[in-house]
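Some structures are shown below for you to check.
Look at the two complexes coming up: chain A is in both, with chain B in one and chain C in the other.
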Partner chain A sequence: MAQAVASLEQQADKTALITGSEAIAVACKLADVDVITAYPIRPYDTVMQYVAKLVANGELDCEYIVAESEHSQFEIVKHASAVGARVFCGSSGVGWMYAFEALTVTPGLRIPMVAMVGNRALDDPGAFGVEHNDALAVRDLGWQLVWVDNPQEALDTALIAYRVAEDRRVFLPCAISCDGAFLTHSQALVKIPSQEKVDAFLPPYNRGDLLLHPDNPITVAPQVNEDWLMEIRRQTAAAMERAYTVIREAYAEFEQIFGRRYGNPFFEEYQTEDAEIVLVGMGTLSTPVKVAIREMRKEGKKVGFVRVRWFRPFAAEELAKTLGRFSAVGIIDRDFSLGSPYLSGVLATEVRAAMYPAAKRPPMLDFICGLGGREVTLPDVKKMSDIVYHAAEGKPQPLTQWIGLRE
Partner chain B sequence: MGRLFAVEIVYRGIFQKTLAKNISRAIVLAAHQEGKPGISFGRYGDSPERNGVPAKNFAIVATDDQTLEEGMAKYEPKEVDISIAVDDTLCKGVESWAWYGLQPINRLLKPGGTLIVTSREEPEALIEMCHRKEYPYQLAIVKGIPSFSGLWVYKEDHSDVRILGAIAKVLPELFSLESVQKAIRAEWKDELKATSAARSYERITTVTVPPNQGNPEEPFKFELPKWSEMREGVTIPAIPRGHAMENTATQQVGGWQPERNPTFKKFSTRTMRPVVDFDTCIKCTLCWLQCPDSCFDVTPDGLYDANMQACCGCGVCEAVCPVQKCVTMVNETQFRDNDSQWEMWNKDKEGYKKWLLEKIEHGPGPQRSHGFRYRGQYEEQVPEMLEIAREG
Partner chain C sequence: MATFVDIQPTQQLDPIKGVKKMPLEEFFTSGHRTCQGCESALVMKLMAKAAGPRTVVLGSTGCMYVANTTYYSTSWVVPWMHTQLGSSGSAAMGAASGLKALMRKGKIKDEPINVIAFCGDGGGADMGLSAISAALTHPDYNLLILMYDNESYANTDIQLSGSTPYGAHTTFSPPGKMKRIMHHRWKKNMAGMLAAGHPTCKYIATVCMSYPLQAMNSVRKALSIGGPTFIHSLDPCPKGWDYDPMQSHEMGELAVTTGVWPLYEVEEGVIRLYGKTKEIAEGRYKRFPVRDYLLRQGRFAHFTDDDIDYFQSKVDQMWDKWLVPGVIPFLKEVETDHPPK
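On to the complex of A and B.
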């Protein structure tokens, strides 16, 4: 194995200039997905177009079904997965919400569907800029949720997502969140690994005793009463618990085979070693944050950044330990949770909950920022950092503030 | 602590849904006349909209609010003072749609509690149908044909108030006749109904069912698995396809018997069952083809034998059979077991013919209990039902 892996590493990756959406489409091809369903909605529709092109060009041999709605889209792949097909699906914003009924039943049935959510604001008003509320809506239901911030990571994470979702210990769906526009529509240079590497990393999907097949006669999802559902939920919860381990294993082996290192799979730390305060966020806002941090550091402000990748499962203990090292924390929410504790966003509410049992709990502020695809500017990031610094110095600050808002 | 009373009303969906609800409500309202608080509810896991499927309503009453709360703190009563079956064929057992396996009609009855049944049968016949209990209980029969009272266009036959009058008699601590009459007047504004309740109060008699009398069959028991023992993915093994049948008398092998769910039988939904005249059957296959529950076993000699564990009594086979009186629906009270008719016929053809004629021609009780055997049957029976209500 070690030797085989070593020889794989020497295989040169091809480099291509592609968008995040295209990178996901390439991952579908490399994963040799069997059934793909589509229904157009921006920005997810870009993936659908790229996949359609791959199929039309004969590069990908799969069932490509254009459904009549997102609900059918997700139902079709759910059933295809039950009979043993590797599936891919996706949507955005209200399209994802239209599929909600199908989304809710997928984890309980232990369907390892991989989906791409091209994050988009929830209409009305008709808006297609990024907000994270669409993907976050399934956060309690047994979906694994991961955010990426560049096309390379989108490709790699899609492969990892198949590996984790289809692990018999997990068998849970996984949604890869890609920020609309910033990731779905902008091209970057991406290393495309060889098929051999992917094959070494990703075993075939084996549904085992849960396979719906005449040779394995089973009934899926019969009616149950109050005597059964709690046990079913507990089983799904156990699968999500096991996902922590499986995710770690997958990243470790990914590094071995592909030679690309992601460090801690659950969150990325940027310039945190000596940081006094940190900002926390998800997705592509990492770019302006990192640039602003570099500028602030020139001014002597030791700011760091923690980018949460896996929102489900949420690495609570680890994150709490990390954030406890700083004198104050600012969480940037590209989402909202109206009426939530301290009127914060979803991420801040989760991080605060994760921090509660921690030995050290620095002041934690929340910033609602970049909604509807609004640019998160360098001055915005600096402003947020300044506010966090004030909190670190013991000056009381409002727990939630809207940044980049016309006031 | 005060006293807690619980009453269950067991009925068949959908035609008796309103009847059961009305009785349940009136129990609470009658007790309220005496200052007792109470609640009334339908069993949530049931499916009262499904034709014939056994379902339940509960009325819980207490002497004070705190005691009532103790009753309300449970999903549903674990024991009851009174069980009411508004269809006598329910005495054979109750397999709720929210699956618990077939459970005895008297399962929740406290020692000394009363089972009230609307029926034209004698107590002995009903006791034979009910599962045996380790302790004595009371049986009271409100004479009548199963009623659809209260639902849509179906005419009143006063089954509801007659049962309420009977409750006042068998459990006066719950409410008096006077209280229930007051509640009836307030709820229905019908003096005739108040009179019917009083008549029933006067006429109702109870017999004591001694311990261990009745159907000796062990009620269905099962253990719920731990979460870690259950199959994942909400999957259960499918029912295997089936196998050929064997005629034990002739050793002839052939035909087809589909496997059936061993834990969900469905037959407690039935109020009428088909009896088949194998001598006149022309083997046309229509009953087998049309039965919505695949109940017919195909015998080695090419006949069609309705499996009585599976048959829900819908009557489709009778309706489609092209031969007159070849398939006939007979009221379920006329049977004590679910044995194969074909096997009975096989063993003794003469004896079977006699048995068959007895069932279809000379059988006593009504041909209908729940549902209809034919269109307009209920309306036809209303005068008779009213007569029973008047005369007892």
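On to the complex of A and C.
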């Protein structure tokens, strides 16, 4: 095995200038996906345009179905997965919400579907731009949720998502969140691995004793009522608990085979070693934040950044330990949770919950920022950092502030 | 170039020649807890019997989900999976496309496997119509969608659906002091609408389990003809229609002999009426008055003579005025419509 891996590592990757959406379409091809369903909504639908072209050119052998709604889109792949097919699907904004019933039942059925969410503001009023509320809506239901911030990470994470979701210890769906426009439509140079590497990393999907097939005549999802519902729900919860280990294993083996290192799978730390304060966020706002941090450091401000990748499962203890190192924390929410504790966003509420049992709890502020695709600018990031510094110095600050808002 | 539509072979399911030639094996057996006199349970049993063991069944939410698949006492011998209320079309497409991809790519044994998705009238004629319609436009997949129509959301306490007949008393349409008729919509013509609107669909039929042999052979034809198919079954429901459970069989016969429920199949675009319906159309059998059918059911107990006459006039119109009698409601000229006050 070690020898085989070594020889794979020497295989040159192809490099291509592609968008986040295209990177995930390439991952579908490399993962030899069997059934893919499409339905148009911006901005995720670009992935299906690339998939359609791959199918038309004979580069991807799959059943490619244009459904008549998002609900059907997710129901079709759900049943295809039940008969043993590897599937891919996706949506954005209210399209994802239209599929909500199908999204709800998928984890309980232990269907390892992989989906792409091209994060988009929820109507009304209409906006094509990014907000994270669409994907976050399923956060309690058993979906694994991961945010990526560049096309390379999108491709790699799609392969990792199949590996983790289809692991028999997990068998839960996984949604890969890609910020609308900033990632779905933005190109970067991506290393496309060889098929051999992918085959070494990603075993075939084996549904085992849960397979729906005449050779395995089982009844799936019967009526259980109060007699059994709690026990079955607990099994699904246990699968999510096991996902922590499986995710770690998958990233470790990914590094071994592909030679690309992501460090801690659950969150990325940027310039945190000597940081006094940190900002926390998800997705592509990492770009302005990192640029602003480099500029602020020239001015002597030691700001760091923690980018949360896996929101479900949420690495609470690890994150709490990390954030406890700093004198104050500012969480940037590209989402909202109206009426929530301290009127914060979803990420801040979760991070605060994660911090509660921690030995060290620095002041934590929330910033609602970049909604509807509004740009998170360098001055925005500097302003947020200044506010967090004030909190670090013991000056009381509002717990939640909207940044970049016309008032 | 590759072929654009690539249909897999189907199973060879020959017509059953008579009741005594029916297969003995059951694939829907004990363990269910449907009501006494439930015709839909009979539909499940005979549908499974007609299809045989190499079959996958997907069942959308409704009586035939809730009553048939109590955990640890499933009545299904063939593999069965629940699907969401409006998803029978999508479920069938999903299973059929998954099996097809895996077989083509050599990941599982290449063999014909029947895919059947069933839905009630609520799941089919209401919520699932869009997905069923979509499934019937995909020539690539061998699948059957069977709608068992007991004319209400019977599992949830008898609420009206788009398939509930005019005037029927349901828990969402109770007769009251001001309004005798709360439900004044005419029953959707599902089979006719789907046949007219999906010209590449090879087989659409109506059945009634009071005529089990024809219904089973309809299932067999639907499964062996290739591509997506649809069967609409009218299922008398003692609880929802309010009659003695021992009369279910007779109630189905009355629906047909009064002309309320026409039996037909549309095979590769060719319409064929069958059974008593054919005799009615050819003038060899006189339709019973709808009064004989309606007044046997408690759900029409509040009907006045005017209501019954109106119901009769609408059924007469099906036979006397429709361009394709009993099937497609296209008229040559505008007909007046005067529902009773």
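Observations, loosely collected:
Basically, the second predicted complex is superposed on the first by the 407 of 407 C-alpha atoms of A that agree within 3 Å, B and C clash if a C-alpha of one lies under 4 Å from a C-alpha of the other, contacts with A are read in each partner's own complex, and residues count from 1 in each chain.
One rule holds for everything that comes next: contacts are C-beta pairs under 8 Å (C-beta built on N, C-alpha and C of every residue); 3 or more make two chains touch, one makes a residue touch a chain.
This one's a predicted model, so the numbers in the text were calculated from it and none came from an experiment.
On the superposed chain A, the two partners chain B and chain C do not both fit; they clash. In the superposed model, A:218 lies in contact with both chain B and chain C. In the superposed pair of complexes, A:40 makes contact with neither chain B nor chain C. In the superposition on chain A, no contact is made by A:372 with either chain B or chain C. Contact with neither chain B nor chain C is seen for A:324 once the two complexes are overlaid on the shared chain. Note on chain A: of its two partners chain C and chain B, the one contacting more of its residues is C. With both structures placed on the common chain, the touch criterion links A:226 to chain B but leaves chain C unconnected. Once chain A of one complex is fitted onto chain A of the other, the partner contacts of A:68 are limited to chain C, with no touch recorded for chain B.
Of the two partner chains placed by superposition, A:259 touches none, neither chain B nor chain C. Contacts of A:235 after superposition on the shared chain: chain B is touched, whereas chain C is not.
Put simply, of the chain B stretches 182-190, 254-262 or 380-388, the part that bumps into chain C is 254-262. Looking at chain A, you'll find residues 217-225, 227-228 touch chain B in one structure and chain C in the other. Residue ranges on chain B touching chain A, taken from their complex, read 45, 75, 98-99, 224-228, 230-238, 240. Across the complex, chain C meets chain A through its residues 2, 53-56, 58, 65-66, 69-72, 74, 76-84, 86-87, 89-95, 97-102, 104-105, 107-108, 113, 130-131, 133-134, 138, 140.
Contact residues of chain A toward chain B in the complex are 108-110, 171, 209-210, 217-228, 230-232, 234-235, 238-239. The touching residues of chain A, counted against chain C in their complex, run 32, 34-35, 58, 61-63, 65, 67-69, 71-72, 75-85, 87, 101-102, 105, 204, 212-214, 216-225, 227-228.
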